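Look at the two complexes coming up: subunit A is in both, with subunit B in one and subunit C in the other.
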Partner chain A sequence: MLHEVEVLRRFAPPRLGRFVVPALLLLLILFPFVVNAAFYVHLMILVFLFAYLGQAWNILGGYTGQVSLGHAVFLGLGAYTSTLLFEWYGVSPWIGMIAGGLVAMAFGLIIGLPTFRLQGHYFAIATIAVGESVLALFNSWDLVGGASGIYRTIVPESWWAMQFHSSKDPYYFIALGLVVTIFTVTRLIERSRLGYYFRAIKEDPDAAKSLGIDTTRYKLYSMMISAFFTGLAGTLYVQYLLFIDPEMVFLLMLSIQICLVPVLGGVGTLWGPAVGAAILIPISEFTRGYLGGSAAGLDLVVYGALIMLVAAYKPAGIMGLLRKAS
Partner chain B sequence: MLRRILVLSLLFLLGISLAACGGTDQAGGDEGAGTPETIKVGAIYPVTGALAATGTDLTNGVKLAVEIVNGEFPDLNLPLAAEAGLPNLGGAKVEIVWGDHQGSAEKGMSEAERLITQEKVVALLGCYNSAVTATASQVAERNGVPFLNPESTSPTLTQRGFKWFFRTTPHDDTFAKNFFQFLEDLKATKGIEVESLAIVYENTLWGSDVGKFEKKYAEEFGYKVVEDLAYPAKGTDVTSEVQRLKAANPQVVMQASYVSDAILYMRTYKEFGFLPEAILAMDAGFVAAEYLKTLGEDGYYILSREVWALDLAESKPIIAEVNDMFRERFGYNMDGNSARAFTGTLVLLDAINRAGSTDPEAIRQALLETDIPADQLIMPWEGVKFDPETQQNTKGKGIIVQVQDGKYLTVWPWELASADLIWPMPGWDER
Partner chain C sequence: MAAVNTVEILVQTAVSGLLWGFIFALISVGLTVIFGVMDIVNFAHGDFLMVSMYGAFVLYSFWGLDPLLSLPLVVAFMFGVGVLTYRLLISRVLDAPMLAQIFATFGLLVFLRGAAHLIFHADYQSIKNPILSGSFELFGVTMSVPQVVAAVGAMVITGLVYWFIMKTETGWALQAVAEDKEAASLMGIDSEWMYSLAWGLGSACVAIAGVLLSNFYYIFPEVGVMFGLIAYVAVALGGFGSVTGALVAGVIIGVAEVLGGFLIGPEYKYVIVFLIYLAVVVLRPKGLMGKA
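Coming up: the complex of A and B.
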């Protein structure tokens, strides 16, 4: 009897996995056709965006254990790159998206080289400093709009220009596409030699080094992958908001939000960022909408309380809770 | 574990879909009910977060305006004050549905989305921060809902060619222009001729923008700029700058500075005995509390532009009446922000009333036909009338205040002045 249960446990998850993911995907694809309310499509876009950003952060912060509090910089660089390419040279945001990812990746490499000498908290503090410096730089850089930002030229809607005015569904599907991409990539990394190296670095950098892993090199790889994908999302973010200024994309608060998503869901797990985003974003939106009018600030209290609870009782996040239960 | 994930995600999607259906059902029930009893208007402001204090000033302005519209105040010469509610809509009452953007452009967008699609507001007000106004008004534009902005001053906002976006406050470009209108007025009514100007500004975005506008208008109005001086705001010594100014010997200095550099400049001016006939400041550092506290009499007699001042009540009694009501309810005096939010709300509600319906196109037409005279406003403006192209209020105007006896007193426009202009500035040792 017990043996049978053991056997079932061992074999059930992969089979279920083969079924769960396509089913979930199908549901998500059908969602905008079933639910015809713009606000909920908007909400889902935000959930996707933060699940995506959380996962991109997770590659560096979760799997490799290098906690970054400056990830908004990569998002912002990606957003600015595609915006400027479009506004100055008429380059399609799709190309701008890749270019933005590459710029973010290059920047990740540049800041990774010196900061990876630092360990633990010092690395996190260094990333905050980088974020604040970039904010100050963009605020006073007239060429890129300075503090007043760039109002995007509004053109007739098209996939080429990645602007849609009559419906949010295209943004929804672009966001979904990004989410599918990053989860696939993370899955592949998780199963590859790269993933094992990342986790080895996280568990014990010295032990990893003694086993012959070039830790600095692999931390840089992790940073570049994470920065590249964070940069990609910048394009979607700015195409969706059609406006950009430094306060919007380089603020420390945004970096913290990106990091909170996987922290709540479960750091270093594949599904953690998805679970975190699916809980945090609706909480933030609904409490602000429905409680904000009568009890201003309550949404922030709820938000803060949730994070404290997780930090105090479930440092492994909600995924830790699930794993224990099953 | 995966089974739990599946269950969790299904629950999540189910929850969202149910909430969504609930939302749409409710909306369906509201339609076709004839003349509604309450008119819902959305207002998006920074109620929490770093700007919460300003947000409270703004929302209090909106609240007072709505109370005046909904109640009967026959003694007040303001639009919609005399009758209860909106008379052309069967006396319907106005209800404000609040949105909180916490200073974030993305949240402003969310709130606009929610207010329009979930709460079905007929029009939107907001959002103070120019960046948030930019994204929130895009949602209104996409959905074809009128958006009235009472208090964002980035000139670009009304240059976007939007069909549904209206702005009542003058913007930064207009404020620069006001300086030159003031100089023209000086010539025409007081016989004071100014020929040479120096333009001094800190070199980050705000200062350079102001400098750019001032140079543009100096050329347009035919004034000679003898010194064009951009300086780094964080410097600790401005000796060489002041020496350059002294050598150029302008009659008037137009200056855009933050507070520490404003103080530094005034001290250095005194030290070098540089005394132009007037210093025309673009508010900021020159109206900050520390300015007079630190400089005392050395900081007197400068002129600064402002959007509003309480002493305007001396020439416009309506301001005193409204401010008394405001103080009674909220315990402090109105300021430029609450006064502008108050005025914007009245302008929007007046248009909804004249439209006689909640149809967005009818409200838009009514807004375009808005023509409120100066005496029905608590602002120092010549009225409210929107430019048919940009939908910017063409009659908006700033005021100029002068520091006299430690107070900022309105000195221009002449008809709104509570004190006489002191020109030229008395010498440094005659104070």
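Coming up: the complex of A and C.
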């Protein structure tokens, strides 16, 4: 057993100081009370959302090393589940949120079972194929609104209906709550046996197998956790925009953006998705705001050039940069 | 009478699918050449197709050059774009993790698509009255001239690429680098040059497909999205790096897409393609002709 522990220790996560966390959290809680501009609250909600989605992806793609380019599917399934439960049966989006997570988790299990035998690019392209298929199916599925989507019924604002019209602040706190949840969960996984197994599978699947780790089973666990949490965020996404259509939640571009966040910040690190979202989302929002209006496309040119630069010069992401400095 | 009509429509549809299949095959061959030599998927491949189509469009609108005449120019240009992409971008991520490689070419995709929006806007363009136009009838099946030329051209080029890789000394050198870079360099093969060549060749293939396509297909910034996706699926379906695999898979996808669209419904035609891919790789994780 000692041998196993020693080998597993090689996959231990690097330690990061924990003093900043409570201070940061306090700042984030105070933020909407201090900053009253709706745009900045909106921007922070997006940063939270993508930090959250990036972290959920990170569990599967970063820690376990299974690169999914179809994670938007889980977000979309979660969003549709809670939307339909509310519109058809009047179920509170809070329950819909959990249900959406479970649906996404079940779907993750269904696609994980056959595709986890595939390696590298074959797996990545399979996840694209799944995503595109689901997009096409929802586009032609009239029962759930088809391509034109569903405009949510507007009800008086309440926590029960998760609809708020006078202020964005409640959405801000829901998003912050989700972020705290996923970072706590990821932190717990990092330190647990599960996390060691995940990293072992990523670093060296054959060595992991020889240690007696059932790699397929743990890949499935990783997929289920990742899909469940991605699905949860679907409810917030749709409650915030009060509209849903397939192009909004199932597009390949969204899947790519979800994994771009941890890639930029640092794949397989706890803080990577937070750093990635904090940099990427403001850049993307500002370039769209300032450059998108007068010259459509310029924002994408800048964005694309930035992605190429990071990939070519800093493949370990910003976290890799910080770690080298420290 | 009704039965005859159905058969006629089916044959017509199958022929159309076959013609598309060869074009898909040529696009996919370009992608598989690059992958086969260096294990990198160019996610901007569909956008290279888009750039080639706009190249033909620009030469046509400003200088009245028919796509048939601009073909060599655009192909030479895209060969250069491919080599430059390798030199400036890909050579830096050769030994990087797969994610960095994915995002290097993904950044290029976003960049090119943004540039297309910036320069040409979102409008649908087309080349009006190219030399290749109209249609003819063969055994009762109507075929469009530019589409047949595109398919035949795709077939010929795919054959040429296969011949080049399998039968020429440079082709053997490409295979040697793909097999074992270090051993190849000990034999005096310059891997940098071979990698550049693979990118040039792969981009030239997609350029030919793009120019032939511009004779009869709309040109817009997102035109590469579906063609690119189909090419990834075709390449993985055929087995990464296999030229014959890409050819076979391209044709299968063309026929399946058009026939499936006709029999089940046009909105499901891509779903059928993706399901075929999933079914095949689940049974054969390295594709139809991939090396295990």
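The working rule: the second predicted complex is superposed on the first by the 304 of 326 C-alpha atoms of A that agree within 3 Å, B and C clash if a C-alpha of one lies under 4 Å from a C-alpha of the other, contacts with A are read in each partner's own complex, and residues count from 1 in each chain.
Note that a residue touches a chain if its C-beta (ideal position, glycine included) is under 8 Å from a C-beta of that chain, and two chains touch if they have at least 3 such contacts.
Since the model is a prediction, treat every value here as computed from it, not as a measurement.
A.B. asks: With the two structures laid over each other on chain A, which partner does A:A129 touch: subunit B (first), subunit C (second), both, or neither?
C.D. replies: A:A129 contacts subunit C only, not subunit B.
A.B. asks: Once the shared chain is lined up, is A:L242 touching subunit B (first), subunit C (second), both, or neither of them?
C.D. replies: The first partner, subunit B, only.
A.B. asks: Check the residue A:N139 against both partner chains and state whether it touches subunit B (first), subunit C (second), both, or neither.
C.D. replies: both
A.B. asks: Let me test your reading of the model: by the given contact rule, A:M308 touches which partner, first (subunit B), second (subunit C), both or neither?
C.D. replies: The answer is second: A:M308 touches subunit C but not subunit B.
A.B. asks: Touch test for A:L300: subunit B only (first), subunit C only (second), both, or neither?
C.D. replies: So A:L300 meets both subunit B and subunit C here.
A.B. asks: For A:S92, is the partner it touches subunit B (first), subunit C (second), both, or none of the two (neither)?
C.D. replies: neither
A.B. asks: Between subunit B (first) and subunit C (second), which does A:L46 come into contact with in this model arrangement: first, second, both, or neither?
C.D. replies: first
A.B. asks: For A:T215 in the superposed arrangement: first (subunit B), second (subunit C), both or neither?
C.D. replies: So A:T215 meets neither subunit B nor subunit C here.
A.B. asks: Common interface residues of subunit A with subunit B and subunit C?
C.D. replies: Dual-contact residues (subunit A): 139-140, 296-297, 299-300.
A.B. asks: Which residues of subunit B touch subunit A in the complex?
C.D. replies: 1-6, 8-10, 12-13, 15-17, 19-21, 23-24, 47-48, 52, 97-100, 102-107, 109-111, 113-114, 117-118, 130-131, 134-135, 138, 142-143, 154, 156, 160, 204-206, 208-209
A.B. asks: Under the stated contact criterion, what part of subunit A meets subunit C in this complex?
C.D. replies: 61, 67, 69, 114-115, 117-122, 124-126, 128-130, 132-133, 136-137, 139-140, 252, 256, 259-260, 263, 267, 295-313, 315
A.B. asks: Subunit A touches which residues of subunit C in the complex?
C.D. replies: 35, 41, 89, 92-93, 96-104, 106-119, 121-122, 221, 229, 232-233, 236, 240, 265, 267-268, 270-271, 274-275, 277-278, 281-282, 285-287
A.B. asks: Write out the stretch or stretches of subunit A touching subunit B in their complex.
C.D. replies: Residues of subunit A touching subunit B: 12-13, 16-17, 20, 23-24, 27-28, 31, 34-40, 42-44, 46, 139-140, 142, 146-149, 151, 154, 165-166, 241-243, 245, 247-248, 271, 274-275, 278, 282, 285, 288-289, 292-293, 296-297, 299-300, 322-323, 325-326.
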